[in-house]
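As C-alpha cells, here come the structures.
Each of the two complexes below includes subunit A, the first together with subunit B, the second together with subunit C.
After this line comes the complex of A and B, so read on.
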C-alpha cells in the first residue's frame, strides 16, 4: 500500500490493484453468471461486457484513488439500463408503459424501495402491506426488495443513495452535464424538505392506507410505469410525475450540479439518512489537514458539507458516501472512515473495506439489469426492436 | 479502550461485506423467512380481503371475499366487498347471482354481469350496500367490488 502522506486522492500500488481486481473478477464472474454460461450469443456478449465494465471500473477506482468519477459512471449506467430493461419488460408483458387496472387488482405491480417508508407504520399496526404487489416470487416482489433494502442499509446506510438506488444515477448523471453550475446559491435549509416529505407521506399513507407518494409525487413514474390515463385525477397525477421528473431529475441537476430530487425531495433518502447513524462507514474530515478552502462544500451534490461539518470533522447525516468531496479535497483531508478507528488512521484500508462492500453491492445488484439492457440494445441493432 | 473500539470497528466493517454476500446469495431464503416470521399480507384494500366462501357452479366458481372496512386502527365507515368469478373460459355470457355476506340467511344484494360487454348492474337489498365500485376483467375471470357504507345504514 502506498503511504498516507500524499495530499490528493491516492490509489493502491499497481501490484496490489491487480490482485484486488482479480479477487473482484472472480467474485463477479460467479455472481453475474450465477454459475451457468448463457447459451444465447447476445446474452453471452452482455455477460462479458458487464464483467469487463465492472472490473475495469474497479481497477480504476483502486489504482487512481478516485471514487466518485468511476462510481458515477457505473451508477448512471445502472439507472439508464433499468429504464431500458424495465420499459422493454413492460412492453413485452403488457404492450405499453401504462399499468392496467387489471394488474393493480391482481396485485401484480412491481414493488420499488421508494414505497418502503410508507409501508412501515401500517405494517407494524395492521400487519399488511399497503401496495398492490406480490409478497413473494414474481418480478420485483415486495419481500425481495425489503431484503435488498435491509442488506444495503446494514452495509452502507445512506450510501444506498450513491451505490444502490436504481433511480439515483439519473439526477447524479444529469448533475454532471455542465462543468460549472448556473444556479449557485442554494439555501441549505432545502435539505430538511425530504424529512418533512417523509413525515407527511408516512402519516398520510397510514391514515389513508395508500402509498400516497407513489400515487402523487414520485418523479420516476415518468420513466417506469404509470397508471393508464382514464380519469382527470390520473391525468393530474401524470402531469405531476412528468413535471417533477423534468424539473427535479433533469433541469435542476443540470443547472445546480446538485442531485436535487435526491437531496430535496426523496422521502426514502431522508429515511436512509437516519440509518447513517447505525452504519459503520462515514465520511470524516481531518481538521489538521483541512485549510477551509470550502471546495468540498461547493462540490457536494447533496449539501452535506457545511462550515459546521468542517468544524466538527464529519459530513452531515444526509451524506450519501459518493466520494466527491474526498476526490476534490486539494489537501486530502477528507476520507472514508470506519467508526471507532483513528482519524486519519489507515485511510486506504478504510476506503478499501468501504469500497468492497459498496462496489460489490452495486455490481451484483445491477448485473442482471445491465446485462438485460445490453441484450435489448443488441436486439435493437440486429432486429430493429428491443422486445421479443 | 480505543484499541477495542478500533477492532470492533474493523469487525463491523468486515461484517458489512458478509452482509452484502448474504443479501444476494440467500435472498430467496430471507424473503420467505421475512414473510413467514412477520406474518404480513397484502392490504385487503388491494387484495380484496380473504375469500370466505367459494361456490361451485360446475363450469365456473364464485369466490366471495370478506367485507373490507379495515382502518389503521379499528374500522372505517366506508368499505367494499369483492366477488370474483373464474375461470374465464367457463363463464356464462351473463352472470346473475345473489349474496348474503352478513350471514343472516337473506340476500344482501344481487349482481348481474355481462361477461361479453362488461356491463354490470346491482340490486341492493341490505341498506349498507351502496353501488358498484369497480367491475373488471382479470386474466382468468371477472371481478366486482361493491361499495358498502355503515353511515348510510345509520342515516336510513
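After this line comes the complex of A and C, so read on.
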C-alpha cells in the first residue's frame, strides 16, 4: 500500500559529503592547474574562483540531494564562458567572428562535437575527416574532441548533453527564465525530428563529403563563428542559423521551459540517444512508489518522460540524465540506476557513482574554458578589452 | 544524388505503407527468409518498372509542354514551391498521404494474401501520387533529357528501397511507428531544400521576364 510520506531524494550526511568533496577537490586541483600554479595574477584568481565554484557546487549536489539545480548553474556558466572565451579567441586570431574562405582552405576551423555524426560514415569509407580543422595541436583540434566524446559517451551516454556539451547550457539556462511555461502542449512527435535530421545530415555528408549541418542549420554559429556573407546562398544560410538560434535556443526555451534545440533539432543529441542503449547508467521509475502525479512529465526538458514511461518504469531513449525529474518527484520514485541491478536498490550509491563520473567530465572539460572566461572578464574590467 | 535523397527520405514512409501489402504475403506463404527475399525482389522490380514508366512520362511532359514555354523556370519553381509545401505539410502536420500502396493493402486484407503477385503489387504501389513522388516528377520533367529522367527515378527507387531490405526479417520492424514518423520528417526536411530551390528558380524566372 502506498503511503503519503514525502520522500524527496535525501543527500549524503555532512561528514560523508565533506570527505567526498575533498576527494573531488584533490582531483580538480590537479586537473585544473595541470600541476603548476599560474604566475599571472588574473590567471591565479581565475583558477581559485573556478576551483571554489566547482567544489562548492559538488558539495551542494551531494549534501542537498538535488542534482539538476546545481548542475544547471555549472552547465550554463560553462556555456556562457565558452562564448566569451571562443569569441575572444576568434577576435585575437582573425579580428572577427566571421570565417573566410582562406581560413577554411588552411584547415583552421575549430572542431566541435556536433560535427561528429557527419564525420563517421565518410571516415569509415574514405579514411578522411570531412572538416577543415586541424587534427592535433591547435585550438579545438579534432583528435582531442573525439577522445572527449568517446570517453564521455561510454561513461554517460546521452548524459553528454546535460553534463558535457558546451552549448547545452544556453537553452538550459533560457528554459529557466520563466517560472511557468507559456506554451504547454507540445506534440511529442517532435522528439523524432532530431533523428530525421541525423538521418539526412549523416547521409548527405557521406555523399557530398561536406558537413551539411554546419553549413545550413547549426544555430550555435550565431555565438561562435560563421562564414562571411559573400553570396546570396551564404546570406540565406545566415538567416537560417540566426533564426534557429533565436527561435530554438532563446525564445522557445523561455516560452516552453524545454530545451527545444536539444530536444527537437540537434542531430548529435539523436546520435547520443542511441548510445544510451549501451551506457551503464539510466533513469528508472520505481512503479511501487510512483503515484502517477505526472510531475516528471511536466518538468522533463526533453519530453523524455511520458505516461508510457511511467507504465514501463523507465525514461525514453532520449533521456539526458539531467536529474530534473528526480529532483521534482514528490515520492522519490525516480532515481539514477545501474543497468542490471535491482530497483530501487542502493539508489544513493548509484547516484554517487553517476555524479562522480558526470561531474568530473563537466569540471575537467569546462575548467580551462571557465578560467579563460574569467580572465577575459577581468581583462575587460581592468583594461577595457577582452582581447590581448 | 537528389533523387536518391528524396527517395531515401520518403523510403521509411513507403515501407510503412507497403508493409500491409508485403507482410501478409510473406507471412501467408511462410516459407522462410530466402523465399521472403525472393518475394521482396519481385516486389521491388515491379516498383522499379512503375517508376521508370513515370520517368518516361516526365520526359514526355518536358518535351511536349515545358520546352515550348518561355517561362519554364518560373513554372518549375512554382511547382517546386507547391509540392514542397505539400511535402512539408504531409511530413509535419498530416497523418496520411495519398499512396496507392494503402489501397492495395486494403484489397490485400480482403482477398487471400497468397494470391497477390508481389511484382504486380510493386508496380501498382509505384503509382503513388504522394508529395515526394510529385516532387520527383517535377524534378525529372525540369531536366529534360530521357536519360537523366530515367537515372533520377532509378536513384529515387534505390533511395526508397533501402529500407525494404530488413523486411524479410519481419521481427526487426517492431518500432515501426517511430520509424514512420522519422521518415516523414526527413521527407519534410528534403521539402525545405526543394522550397529553397523553388524560390531561387522563381526569383531567377522573374528576373528573366
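Criterion: the second predicted complex is superposed on the first by the 382 of 388 C-alpha atoms of A that agree within 3 Å, B and C clash if a C-alpha of one lies under 4 Å from a C-alpha of the other, contacts with A are read in each partner's own complex, and residues count from 1 in each chain.
FYI, contacts are C-beta pairs under 8 Å (C-beta built on N, C-alpha and C of every residue); 3 or more make two chains touch, one makes a residue touch a chain.
Keep in mind it's a predicted model, so treat the numbers as computed, not measured.
By the touch criterion defined above, A:204 reaches subunit C but does not reach subunit B. In the superposed model, A:178 lies in contact with neither subunit B nor subunit C.
Shared-chain residue A:196: touches subunit C; no touch with subunit B.
Of the two partners subunit B and subunit C, more subunit A residues are in touch with B. Look at A:236: by the touch rule set out above, it reaches subunit C but stays clear of subunit B. When the two structures are aligned on the shared chain, A:281 is found in touch with subunit B, with no touch to subunit C.
Within the superposed three-chain model, A:148 lies in touch with subunit B and out of touch with subunit C [touch as defined at top]. Once the two complexes are laid over each other on the shared chain, residue contacts for A:136 go to subunit B alone; subunit C is not touched. When the shared chain is aligned, subunit B comes close enough to touch A:123, but subunit C does not.
In the superposition on chain A, the residues of subunit A touched by subunit B in one structure and by subunit C in the other are 207. Against subunit A, the residues of subunit B that register as touching in their complex are 2, 5-6, 8-10, 12-14, 16-17, 19-24, 27-28, 30-32, 34-35, 38-48, 70-73, 134, 136-139, 143.
Of all the residues in subunit C, the ones that touch subunit A in their complex are 1, 4-5, 8-9, 178, 181-186, 188-190, 196.
Touching subunit C in their complex are the following residues of subunit A: 189, 192-193, 195-197, 199-200, 203-204, 207-208, 236. Listing the residues of subunit A that touch subunit B in their complex gives 31, 101-102, 104-107, 121-123, 125-136, 141-144, 146-148, 150-152, 154-156, 206-207, 209-210, 279-281, 338-342, 350, 353-354, 356-357, 360-361, 364-365.
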